[in-house]
Amino acid sequence: MNNGMNRQERYDHGMKVLSEIDGEAAERVVESLADVSPELGHQVVAWAFGDMYARPELAPRDRQLVTLGVLTALGGCEPQLYVHVNAALNVGLTPTEIAEAMLHAATYCGMPRAINATLVAKRVFGERGLLPITNACY
Amino acid sequence: MNNGMNRQERYDHGMKVLSEIDGEAAERVVESLADVSPELGHQVVAWAFGDMYARPELAPRDRQLVTLGVLTALGGCEPQLYVHVNAALNVGLTPTEIAEAMLHAATYCGMPRAINATLVAKRVFGERGLLPITNACY
Amino acid sequence: MNNGMNRQERYDHGMKVLSEIDGEAAERVVESLADVSPELGHQVVAWAFGDMYARPELAPRDRQLVTLGVLTALGGCEPQLYVHVNAALNVGLTPTEIAEAMLHAATYCGMPRAINATLVAKRVFGERGLLPITNACY
Amino acid sequence: MNNGMNRQERYDHGMKVLSEIDGEAAERVVESLADVSPELGHQVVAWAFGDMYARPELAPRDRQLVTLGVLTALGGCEPQLYVHVNAALNVGLTPTEIAEAMLHAATYCGMPRAINATLVAKRVFGERGLLPITNACY
Amino acid sequence: MNNGMNRQERYDHGMKVLSEIDGEAAERVVESLADVSPELGHQVVAWAFGDMYARPELAPRDRQLVTLGVLTALGGCEPQLYVHVNAALNVGLTPTEIAEAMLHAATYCGMPRAINATLVAKRVFGERGLLPITNACY
Amino acid sequence: MNNGMNRQERYDHGMKVLSEIDGEAAERVVESLADVSPELGHQVVAWAFGDMYARPELAPRDRQLVTLGVLTALGGCEPQLYVHVNAALNVGLTPTEIAEAMLHAATYCGMPRAINATLVAKRVFGERGLLPITNACY
């Protein structure tokens, strides 16, 4: 993998992976880093997406479930959750599954982190016309 | 406890507990979750307040001291601290005790978390006309 | 859901859910809590598994991916990871997928948390005769 | 407070506060730091206990509730929890209240942190002949 | 050190240390605490800067590298990072070194924390006319 | 940098960087991952050391100060601190500076994390015959 790619090729490969998952949101992050830490932007694209995300050992939908768990648990990652809730929808998770993943996380990282994450999901769902979610109700 | 209550009864019981501690702030949280994760709102009310908070093994004032400690330490829980500083006042903690609890937390979780929490307390105290606090001075 | 169940019925329901996911490891946790906090043991079974895990909105395999993400990110949850790596295998995740989920988490929560989690997975895989994992290699 | 005390006097004052709360456990921590970071040991005694803990704005029992909340939430602080569960008992919290404080924390920081903290409490309670706890049962 | 200083003298000593590192930003924090937790403001100045920061065992530039690492890793400390990125520049770290310190932190605490910290650095650098940074490029 | 290197060359480059900083401890980590997550081991070497650590924008001594800050703050990273306290000594930090970095961190992440980190440093210093540290004393 990435055998013999040069720096620019690794970046281009990462951008291709990224564009299949999340066209715009992540690109804006990279742009915002361009004048302060271009290398951080490069690593997000070339390493995080090009090297890591692209590996076939785990499907994109599965990766997003892990990512939602990690970001919900960490806290303070609302901008990254915004990117990854969009990505989660793009790779096939439903709004109900995303909300449920955050509810599930509450058991392990507590209610406040789950609420904060869910309100980010609400913003994304609202922007994409996906509210209210159609939850299995009682 | 909650023996044989059905889903709606558990929710109503939680709401009754909640209304004795914090009439409005928590209710707004639940409302904000209604279209994105109604079950998370339900669990906050029925489980966190109805099942857990209502237990007689620890007094509400004591629970709020623990909660202030947890939320200060976690960081990134400013919205939840806003709810729980209000609740802390409602169950009998004084502004001085609340500020002191956050100062005390600094020893164990560091100055930044304590400062962030204290500035939330300042907002609540200001809204309730409780500033400046009357600290034991030197 | 759980409408009208009494306390004992809720516990029994949770134990049934739990036994389908992880027969022994979680049970040992509950036992270890019996003389110090029986209510915490009860809540793990009746609430975390009976109320939360059992919800049909997310498949068990998906829940375990979220859980692995949360526990890897939190750090210091090695005993819980031990339980949930076992559970992850029981609900159909392969060792390769579990190791990859932890590798994926490294992007978001850093190498140390990923390494610590992976060494717990190694212990579980070793106990179940699943080492070395058969990774897609290069 | 501490007006004009010199370094040794501040340390002695902190040791006096400390000895009223926890005779031995904290002292062992300070000793373990003596050859690697005597200043850290000094700050624990002179600042954390002499300056902060000794302040009259919050009672020792209240401080321990905050501390239990903070340490449970932080995770990875088992050695410090061991000291502070002992201290909590020494200033008047009952085993039931301590276990309940950790159960309460689970709502906000999740089950794994609460379980890890509770197992430290179990160790302390066992050493002091306080098991099983006499919880209000159902 | 601080032998025999009284409370006011310890505060004045801390303010002197602080003014050499960061004239304004930290002072604003202390002011914002004046009516809600004057003691927290006092401890930030007298203890964190007067007692701890002033110690000669580590140079100010080195202290700021440690602080940038800690605050990046903690997350949710954007206001404190704002203060300490300014301080880092004031004690001789270059924008490139500060951005690189945060990039380096990504290995250990993940991309999201590093990105959030870097965007705080970007704000400070922008206010001080230091953008774009002049990174060693390829 | 790393332009056009293939996978094996990137690994070899990382190993060369690593061997200059820490000959043995990190290598043992990579070995322990070989049968469970060889890719995680590869990324630690090829990416974390070969791509990131090797960048000239920050000197190794500076990187270790940041790393000590991050790992102390994260908590639960004792095995990684063991590696990086050794590395810190190897790139020129003195035991006094390392202990002071952890003491400094206490201001921002609290006493428990600082104590836990310092006790790891004590173990490393002991193994290398560097105890007691020769602190500037009073």
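Letters are used for the chains, namely A, B, C, D, E and F, taken in the order the chains are written, and counting of residues starts over at 1 for each.
The working rule: a residue touches a chain if its C-beta (ideal position, glycine included) is under 8 Å from a C-beta of that chain, and two chains touch if they have at least 3 such contacts.
Note that this is a predicted model, so its numbers are computed, not measured.
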item	value
Chain pair with more C-beta contacts, A-B versus C-E	A-B
Chain of greatest Cα-centre distance to subunit A	D
Identity of the chain that, by mean CA position, is farthest from subunit C	E
Computed distance of Cα centres, subunit F from subunit C, in Å	30
Chain centre separation (subunit A, subunit D; CA means) in Å	39
Distance from the mean Cα position of subunit F to that of subunit A, given in whole angstrom	29
Multi-chain contact sites of subunit D, meaning residues that touch two or more partners	1, 3, 7, 39, 43, 47-48, 52, 55, 70-71, 74-77, 80, 99-100, 103, 106-112, 135, 138
Subunit D contact footprint on subunit C (complex, rising order)	7, 29, 32-40, 43-44, 48, 70-71, 74-77, 79-80
Parts of subunit C lying in touch with subunit B, wherever the complex brings them together	1-7, 39, 43, 47, 51-52, 55
Touching residues on subunit D, where the partner in the complex is subunit B	1, 3, 47-48, 52-53, 55-58, 62-63, 65-74, 77, 80, 96-97, 99-101, 103-109, 135-136, 138
Residues on subunit F engaged by subunit D in the complex (per definition of touch)	75-76, 95, 99-100, 102-103, 106, 110-116, 118-119, 121-122, 125, 131-133, 135, 137-138
List of subunit D residues in touch with subunit A within their complex	106-112
